[in-house]
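Below: the structure, in structure tokens.
By written order: A, B, C and D. Residues from 1 in each chain.
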Amino acid sequence: MVSKIVDSIDEAVADIPSGATVMIGGFGRAGQPVELIDGLIRHGARDLTIVNNNAGNGEVGLALLIKGGYVRKMICSFPRQVDSHIFDEAYRAGKIELELVPQGNLAERIRAAGAGIGGFFTPTGYGTLLAEGKESRIIDDRGYVFESPLHAEFALIKAYKADRWGNLVYRKTARNFGPIMATAAVTTIAQVGQIVPLGTLDAEHVVTPGIFVNRVVQTPNEANA
Amino acid sequence: MTTGSRESTPATSAPLTRTDMAQRVAADIPAGAYVNLGIGLPTSIANFLTLDQEVILHTENGMLGMGPEAHGAEIDLDLMNAGKISVTELAGASYFHHSDSFGMMRGGHLDIAVLGAFQVSVNGDLANWHTGVPGSIPAVGGAMDLAVGAKKIFVMMELTTKSGQSKLVESLSYPVTGLRCVTRIYTEVATFDLVPDTGISVTKLFGSATVASLRELTALPIIDATHQTSRQTPTEG
Amino acid sequence: MVSKIVDSIDEAVADIPSGATVMIGGFGRAGQPVELIDGLIRHGARDLTIVNNNAGNGEVGLALLIKGGYVRKMICSFPRQVDSHIFDEAYRAGKIELELVPQGNLAERIRAAGAGIGGFFTPTGYGTLLAEGKESRIIDDRGYVFESPLHAEFALIKAYKADRWGNLVYRKTARNFGPIMATAAVTTIAQVGQIVPLGTLDAEHVVTPGIFVNRVVQTPNEANA
Amino acid sequence: MTTGSRESTPATSAPLTRTDMAQRVAADIPAGAYVNLGIGLPTSIANFLTLDQEVILHTENGMLGMGPEAHGAEIDLDLMNAGKISVTELAGASYFHHSDSFGMMRGGHLDIAVLGAFQVSVNGDLANWHTGVPGSIPAVGGAMDLAVGAKKIFVMMELTTKSGQSKLVESLSYPVTGLRCVTRIYTEVATFDLVPDTGISVTKLFGSATVASLRELTALPIIDATHQTSRQTPTEG
């Protein structure tokens, strides 16, 4: 019987090696897999390259991972926020690298990795600092920049419900990067609020088919999720 | 359009407040339009959209049909806008993931995006993501995607910097966000339209601003279109 | 009040001009908007370029459009089927052009058009007859072919339910090309079995957000839809 | 692996029927694998997958978790496989649109695709979409996407054409579907593994076929791996 359910957060992240590229879902705190990140901190893998839209908020989740010194490089679109002081300090101290990618190019690069696309031309960023050194092309009188797929060894995402095949549904804007990161990583680990019997999720409503999910771990239900 | 030097009389007696500006932008958004309101000043436009207008708001973190800010028991940690403020969901809303959301933007499906700006050039280049100050931590978010994607880009900004420099310029000195993308600029003293191959025209004046004073401030050959205003923006507030 | 509902099939297709590129949803008969195609035949626009996975089945829908001589060119992946005799005859008689595209490249080209991508490198078709004359590139030791976005003036699609904002849900494998064609056309027209009040469709379950749909027309309910 | 010239004894007394072949492929598919069964001969493999295996079938027209062929009242015109045959839905199924479905294929997420073939070359090139006959109407469907996408490509075919020519060849004479993609070939007389940089080996023999007779038929330097079979395919049926 296929079952992707693992018993604990620690078991779920146990084989993430130092030096890995790890995608972490979430936009701000919505959809951020905080328990998996805490597990990753306990696990202790270092020199990680982290792909996330932001670079941590406050003193929780991704911010703590950075604070602990586990992150060598951030690939993100928006590191600077009112409560991103942990990243800010690490960056100013030269302790962390930053690859800044426009948010839509970040999403499309992740999607391209999952969909087997070798690269694509995007109008976003054309003529800007963020296109410097990149191939560009005029197509139908419009400028485009070439962007490459962004792969990862692991993706840590948060969903609302899962079944034992790893089918996932999300909740509201916590969906954000989860579905595309699930497609782009060799191993995708989803923390979910609820595990339901196979067949409970309507086939029309599944957002991430289980083919993209390798491990599912249940976390305590939150007030709003 | 007239390009003569005739002085226009100011349309109102005082420069607009930020609230006035938001109200004017809201009134110019056509009923049923799909609109993204940028983080910061533009977000306040939502407060002046009427139910009748049924403007459908997009937020790049994966939602169409975003409702007003959430308060008290309405607050749901899974439901926020791109500025990470808790919002609500309207009937008719839909959720989608980030690739679909930015495909929607990049693919030209949004009617209007209203953005803040550090600078706008006369040919519509936009600078709003990076001050270029050494040592500052860069952050771009969805700014470049919105700039290239929406059918119309409205900018909402004060016309001058704190030190009195015009933010409407011949060419950008700040790092560019998107090229030739801005179509209209709302400021506290005037509203401008930017038309490719035609140039920049002023369609409304507020406070003591005149076409001449704006030409002097910006050093740009601004066309006076203040008399066409009533035909151009029939829904003015 | 926003309402994309139009009263009749004929009204829905009335402004499709001769010479237009029209995407038509469906994989075989599932999801094929037969009533809209019948309307297009009555309307009489000629010299159409039609984008569909197939090239018509039996003597219904797209097959009849081809039979009537309205189609100048087919862009599709799989024209030859057991019951595709109408296309076969027109093709052999030199009455219709064929652009053959591997099915996944067809889908990706449509998706690229809707998502503002200027072109992309796909491994599909590399080294084959269907890549002849196309730009190719080796990326990370693998061969890729450059493919361009496929835009259309109109898309005719079939969905299960809609609301007045044009939000759509589909049914089972009738979903197929509908969601991506809706994004790639200037004007998307959806025929649906049922129009429901705004707010009835769960925001989590909407497959095609209304932003991609311009007109919705209700057709008589079918036994299975 | 041995590369010697020792003769292997045939494993069974008769060549496999198509049903036998389907049964053998089905038995070799690991439990829980994500699999696409090509149109034609491979479709029949579904009949021999066991419930215990819980193999999850993909159909490129937008579904995972496809069940057996539908009959009678089960038939739903909105639910068909890529061969346009009515099928059923299993618990755990999901639907998605064509771009997502082919992204799943192209992105390397399927464990196995089982395809028919006109020809396979010794280095794994596949020809299965076009006979190349002048005047024939070409049709490609999802064949090229499956060829480049699945982690493993199994081919299921008769070893020879009606006129007795080997379909396993040094290099293709038919138009190519995908390069260096085939990993295993099931035929009525033998099963072959193709390993990059190692070459082609025969792992099972049926009927009167011998390694020598296959070498003669194909004119290929086939490696004899029939004695490793029990370790290589522990689930053989």
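Keep this in mind: contacts are C-beta pairs under 8 Å (C-beta built on N, C-alpha and C of every residue); 3 or more make two chains touch, one makes a residue touch a chain.
Since this is a predicted model, take the numbers as computed values, not measurements.
> Give me the chains shared as neighbours by subunit A and subunit B.
C
> Select, from C-D and B-C, the pair of chains that is joined by more C-beta pairs in contact.
Between the chain pairs C-D and B-C, C-D carries more contacts.
> Using the average of all C-alpha atoms in each chain as its centre, how far is it in Å between subunit C and subunit D?
That gives a centre separation of 31 Å.
> In angstrom, rounded to a whole number, how far apart do the mean CA points of subunit A and subunit D lie?
One centre to the other, that is 35 Å.
> When you check subunit D against every other chain, which residues touch at least two of them?
Answer for subunit D, listing residues that touch two or more other chains: 63, 89, 95-96, 99, 102-103, 105-106, 148-149.
> If a residue has to touch 2 or more other chains to count, which residues of subunit A qualify?
Only 108, 111, 115-117, 122-123, 170-172, 203-204 qualify.
> What topology does the chain touch graph have (line, ring, star, complete, other)?
Basically it's none of the tidy shapes, so other.
> Would you mind giving me the full set of chain pairs in touch?
Final set of chain pairs in contact is A-B, A-C, A-D, B-C, C-D.
> Write out the stretch or stretches of subunit C touching subunit B in their complex.
Residues 1-2, 111, 113-117, 163-165, 167, 183, 198-199, 201, 203-204, 206, 209-212 of subunit C touch subunit B in their complex.
> For a test of understanding, state which residues of subunit A touch subunit B in their complex under the given definition.
Touching subunit B from subunit A are residues 27-31, 53, 77-81, 87-88, 91-92, 98, 100-105, 107-108, 110-111, 122-130, 143, 170-180, 207, 222-225.
> Per the contact definition, I'd like the list of subunit A residues that touch subunit C in the complex.
Those residues of subunit A that touch subunit C are 108, 112, 115-123, 137, 139-140, 142, 144, 148, 169-172, 203-205.
> If you look only at subunit D, which of its residues touch subunit A in the complex?
Residues 31-32, 34, 52, 54, 56, 58, 63-65, 89, 91-96, 99, 102-110, 148-149.
> Using the touch rule from the top, collect the residues of subunit D that touch subunit C in their complex.
Listed in rising order, the residues of subunit D that touch subunit C are 59-63, 76-81, 84, 89, 95-99, 101-103, 105-106, 130, 135, 137-145, 148-149, 175-179.
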